[in-house]
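Next come two complexes built around chain A: one with chain B, the other with chain C.
Moving on to the complex of A and B:
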C-alpha cells in the first residue's frame, strides 16, 4: 500500500513539469494576452524593457469593429469567414470524393494515395511559394488552356481587386441576427423528423421570431458605423483557397479512407444484397457512419483556416490588403507596427472564434471518456 | 475482393480511372512546375513557356540556392532534432502516467492539456516573445526549441497515451505485484514496447517543427532563422528569378517528403492521431 502511494507520487511528479509548463505557457499566456489587449501598450516606447501600459478596457476591441481606421481588419475578418467556408467545403468535398474513388480499389491505389497526400507533408511556405509562381498572371495555370488549343486565361489570381457578395458593414448586427435565425431554422428542420415538438419549441419558433425581429426591427438596430463600408468576397483570395484545398484535401481523404476501411465488408455486402447501388451505399450507409470523422475534419480544418498566415505571407506577401487574414494582421500589427495591445486584441478575437467550436468538442471528448 | 470490382472496360471504370487521372494531374502540377523551373537557366524562364521542359538542364540553381539557405538549413536541423527528441521523451513519460497511473484529476489535467493543441499560436505569441526576451532566450535557437517542446506536449502526450492504452494493464499489474516500481516498469516493460510509438510521434514532430513558420519569423534573428523563413525571404524579394525559390522549395520539402515516401505508414498514423480520434 505504501509502495503504491509512493509510485503514485512519482507519477504525479513526472507529470508536474509538464503541468507547470502548460499552466504558464498556455493558460497563463492566454490570460496575459487578454490583459495586454485591454491596455494601450504600443507606439515608439513599446519595445522598452519597462514599457508603459495603461488599462483602457475594451477600447481596442470596439475600435477593431467600428473604428475609422480598422476597415482593413474588418475586411480580413470577412476574408477569414470565406476562407474557412471554402476550405471546409473544398477539402471535405474533394477529400471525400477521392476517398470514395480509392475505396473502389482501383489499380495503383497505393501510388495514387501517395500522390493525393504528399501536399500535406509540405510546409505552407513551400506550397505558397510554388502556387504563387503557378498563379502568375501571364503564366502557370493561366496559359494551360493554350496547350489544348484555347485562349490563355487572364484572371488575376492573387491580385484582382474585384469583390462579389458585398455587404455593408453598417448592417453587420442585422446580418448576424439573420445568420443566427437561419441556423436555428436549419437545425429545427433537421430535428423535425425525429422530435417535432422539440424542433418547434427549441429551434423553429425562436428562429422565426429572431428572423422576424431582424426584418421588421432592422431600422431600430444600431448601426456599426457612421458611413457605408462595403466588404465582400475578393476574387484575389481564390488562388489562396485553391492552394489550401490542394494542400488539405489529401488529409481528409486519409481520414475518410481509414473510416471506409473500418466499415465491415459484411455491412457492405448486406446493403448490396438489399439492392442498394454504390451511390446508395455511400449516401445512406458509409458517410452517415463516418459522422465523427467529419466532425474531426471540421474541427481540424477550421483550426487550420484560423491560423492561415504562412500561406498568405508566401503567396501575396504581407502587404496585399485584398487577401489579408486576421492571423496575418495580428503579426503585422504587433511585430511590424509595434502595436502590441491591438495585436493582442486581434489574437483574442481569433481565440474566441476558435473557442466557440473547439471547447464544446474537447468537453464532449472528456465526458465521453469519463462515461466510457 | 470488393463486390463492385468487375473485369473489362465498363463506363464505370472509365469514369473512375478518368477522374483519378485528372485529379492526379492536378495534385502533381505544382511539383512538376517546381522541378521544371528549378532546372531552367534563369535567362530562359519566361511566363508563357513556364510548362515546357528545358532544352538544356541547368543544375546550378541547386548549389546556388543551397549556398543562400545553408545557415537556415543548419538551424532547422538543430532545432528539429533537439525539439523532437525532448518533446517525444517528455510526451512518452506523460503518456505513461496518463494511461497507466491515473490519479484523481488526471483526466481533467489531460483534457486541459488537449486544449493546448487547439489554441491559435497568435494568442500566446506576445507573452511568449516577452518571456523569451526576459529569459535572454530571444533571437536564438534555445528559445525556439523551448517553444516547440512546450507546445508539442499536448499532441505527443496524446499519441503516447493512446499508444500505451494498447499495452495490457495486466502486464503492468503483474510487474507491480512482483515489486517493480514506477520507473522500473517504464524502463523494463513500457519503454521497450514503445519503439513504434516513438517513430510515429517523432515523425509527426519532425514534420511540424521543420515546417513551422510563425515562431521562426517572430522569435529568431537572421542568422538563426529556420528554413521556412529563409525560403520566404528568398522568394519574397521583388523581381525574383524563379529558379532559385523553386530549387529552395524542393530543398525545404526534401526531408519531409522522404519521410513521407519511405515511412508513409507511420506518417499517416501520426496524421490520424492528430485528429484526436480515439
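Moving on to the complex of A and C:
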C-alpha cells in the first residue's frame, strides 16, 4: 500500500512540470486569446507598451460573420471548407488507390514507395514555390504541349477569378438548415434497411420537416446581411488543392500500406477461397478493417487543412481573396492591420472549427475504450 | 566540480558587471548596432554601401544587419511588431515614411523625437519643407528619409508604341480610346500584377480622377470616401481594369514590367523602382530603350513614398543608432545609396550627375511638382486602413461594385480614424 502511494507520488511529480507547462502554454494561452478576442485591442496606439484594452463582448465575432467589412473573412471561411473537403477526398482517395496498387507487390515496390512518400519531406513553402512556377499562367504546365508542337494551354490554375457553386451569404441560416435536413435524410436512408421504424421516426421524418420548413419559410428566416454577398468555390483554389494533395497523398498511402500489410495473408486467402475477386476483397474486407486508419488520416489531414498558410502564401501571396484562408487572414489582420482583437477572434473561430472535427473523434474513442 | 562551476559563474557575473558601465561610458562608439530592414535582394547592395560608410566612420562598432526578406516589408513588419511588443527593439528600423510610422509607432509613443538631430545637422533647410511636414506631427519629426520614390509613373517602350501607332496617353480618356484598338491586336493595354499593384494602380487613377486637393482632403478627413467624387474614381478604375491582363493575380510586379518589355503589353503603371529594374537588371537605357510619363491626368503631381529610419525608445545602443541616422541623412550617404537603389535623394542639394537619365528627370519633377502622399506605400494612411484596404480592393476586383466599395472604404476610414 505504502509502496503504491509512493509510486503514485513519484509519477505525479514526474508529470508535474509538463502538467504546469501545458496548463500555462496551451490552455492558459487559449484562454488569453479568448479574452483578447473579446476586447477592442487594435487600431492606433495598439502597439503602446501598455495598450488599452476594453471588454466589448462578442462584438468582434458578430462583426466577422455579418459585418460589412468582413466579406473577405467569410470568403476565406468558405474557401477553408472547400480546402478541407477537397484535401480529404483527394489525399485519402489517391493515397488509398496508390496503396492498393502497391499492395499487389509490383516489381520495385520499395523504390516506388519512397518516390510517393518523398513529397511529404518537403516543406510547404518549398513545394508551394515549385507549384507556383508549374502552374504559372504563362509557363510550366501550360507550355508543356508546345514541346510536342501543340498550342499552349490557357488554364488559369491559381489566378482564375471564376467561382462555381455560389451561394448568397445573406441566406446562410437557410442553407445551414438545408444541410442539416440533408444529413438527417441521408442518415435515415442509411438506417432504413436495419430498422425502418426508427429510421422514419428519428431521421427521415424530422429531416423532411426541417427541409420543408427551410424551403417554405425561408423568407421568414432572419437574414445575415442587408445585401447580397456571393461566395463559392473559387476555381483559383484548384491549383493549391492539387499541390496539397500531391504533398499528402504519399502520407496516406504510407498509412494504408502499413495497414494492408498488417492484414494477415490467411484472411486474404480465405476470402479468395470463398470466391471473392480482388475488388471484393478490398471493398468488403481490407478497407473496412482499416477504418481506424481512415479516421486518423481524416483527423490529421483536416487539421492540416485548417492550418494551411505557407503553401497559399507561397503560391498566390497574402492578398488574394480567391485563394484566401482564415489562417492567412488572421496573420494579416494581426500583424499588418494591427487589429489584435479581431485576429484573436479569427483564431478562436478556427480553433472551434478544428474542434468540430476532433471532438467527435475523441468522444468516439472514449466510448470505444469504455465498451472494450 | 560543482563548486568550480559556481565560482566560474560568479567571476563571469563580475566581469559582466564591470564591462557594462565601461561600454556606456566610452566616448568612442563601440559595441553593436542592429539595423532592421527588409532590403534584401535587389536593394541589398545599396544598404551594404551605407553600412560601409558607417563602418569607415565608426570602425569599432559591430554592425548587425537584421534583414527580413519580403516585398514592401510584409514579413519584416510582423517580426518587428513581435520584437517591439516583447520589449526588444532593434537600434534602428526601416519604415515607410509618413502615416505608416506615425499611425503605428508614434501614436503608441514608441519613437524618439528627432527634431534636435534635424536642427543640429541643419536638415531643416536641406529637406524640402513639404516633406518634413509629411514625416512629422505637431509633436516632432519622427524619421530620417533616405530616399524618395515616385508612384505615379507610366512605363512604355517607345519603339513598340511606334510599331503599334499609338502614343503614351496624357489622360485616361485617351487611354480608354486607344485601349480597345490594342486589345484587338492581342496586346494587353495595361499590365497588372498581384493585389498590391492593383492598390498601386488605384492610387494613380484616383489621384487623376479626384485631383490633388481632393486627394489631400480625403486623407485629412475632409472628403468622405463615399462621396460622389470618390465613387466616380472607383468607376473609372473599373473601366481601366477591363484592359488589364486576366492572370494578374499570379504575377509579380517584375513580371508585369516584363510584359511591357517583351511587347506583350503596352503600358504599366508602377513606382520608379521599375526604372531601377530595367536599368540594372535588364541593362536598358533610360529614354532610349524605355520611356516614361506621369500616369494619365497626373502631370504636375508627384505621388511620393519614402523609406526612412527611426529611433525607437529604449534602443539598446542609442548613440550608435544616432550615428547611423547621421550617415543616412548626410549628403554622402544619400548620394551613395540612391543611385544604387534607383531612387532620388530627399535632399535639395543632391549631386545630380551621379544619377541616370530617369532619376534626373524625377528629381527635377520633385523640385517643382505638387507632392502628394502615396496610399499603397504607407505615406497617406495608417496600417489599420491599409490592412483593410487590401481586402476592400479584393472585394472590388470581384464585384466591380463602385458604390459598395466606396461605402466599405468609409467604414474602414471610420475604424482607422482617418483624419483624426
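Just so we're on the same page, the second predicted complex is superposed on the first by the 354 of 372 C-alpha atoms of A that agree within 3 Å, B and C clash if a C-alpha of one lies under 4 Å from a C-alpha of the other, contacts with A are read in each partner's own complex, and residues count from 1 in each chain.
Rule of thumb we're sticking to: a contact is a pair of C-beta atoms (placed from the backbone, for glycine too) under 8 Å apart; a residue touches a chain by one contact, two chains touch by 3 or more.
What you are looking at is a predicted structure, and each value in this text was computed from that prediction instead of being measured.
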Legend entry - First, second, both or neither for A:104, with chain B first and chain C second: first
Inset, instruction - Considering only the touch criterion stated at the top, classify A:190 as touching first (chain B), second (chain C), both, or neither. - result: neither
Inset, instruction - Name the contact category of A:29: first (chain B only), second (chain C only), both, or neither. - result: first
Inset, instruction - Give one of first, second, both or neither to describe whether A:72 is in contact with chain B, with chain C, with both, or with none. - result: second
Inset, instruction - Check the residue A:337 against both partner chains and state whether it touches chain B (first), chain C (second), both, or neither. - result: second
Legend entry - Partner chain(s) touched by A:182 [first = chain B, second = chain C, both, neither]: neither
Inset, instruction - For A:350, decide between first (touching chain B), second (touching chain C), both and neither. - result: first
Legend entry - Partner chain in contact with A:130 - chain B first, chain C second, else both or neither: first
Inset, instruction - Considering only touches as defined above, state whether A:215 meets chain B (first), chain C (second), both or neither. - result: neither
Legend entry - Most chain A residues touched (candidates chain B, chain C): B
Inset, instruction - Go through chain A and flag every residue that touches chain B in one model and chain C in the other. - result: 132, 136-138, 317, 331, 335
Inset, instruction - Would you mind writing out the residues of chain C in touch with chain A in their complex? - result: 74, 77-78, 81-82, 84-85, 87, 103-105, 107-110, 194-196, 246-251, 382-384, 386-388, 390-395, 397-398, 404, 407-408, 411-412, 415-417
Inset, instruction - In the complex, go through chain A and note every residue touching chain B. - result: 3-4, 6-8, 10-12, 14-15, 17-19, 21-22, 25-30, 32-33, 36, 98, 101-102, 104-106, 112, 114-127, 129-134, 136-140, 143-144, 146-147, 152, 246, 250-251, 254-255, 258, 268-269, 272, 278, 292-293, 296-297, 299-300, 303, 306-307, 309-310, 313-314, 317, 327, 330-331, 334-335, 340, 343-344, 346-348, 350-351, 354, 358-359, 362-363, 365-366, 369-370
Legend entry - chain C-touching residues of chain A, taken from the complex the two chains share: 42-49, 51, 68-69, 71-72, 132, 135-138, 156, 158-159, 161, 227, 236, 316-322, 324, 331-333, 335-339
Inset, instruction - Provide the residue numbers of chain B that touch chain A in the complex, in ascending order. - result: 2-5, 16-17, 19-20, 23-24, 26-31, 33-34, 37, 46-48, 50-51, 90, 93-94, 96-98, 101, 103, 106-109, 111-116, 118-128, 131, 150-151, 153-154, 157, 176, 179, 181-183, 207, 210-214, 217-218, 228, 231-232, 235-236, 242, 245-246, 248-249, 252-253, 256-257, 259-261, 264, 267-268, 271-272, 274-278
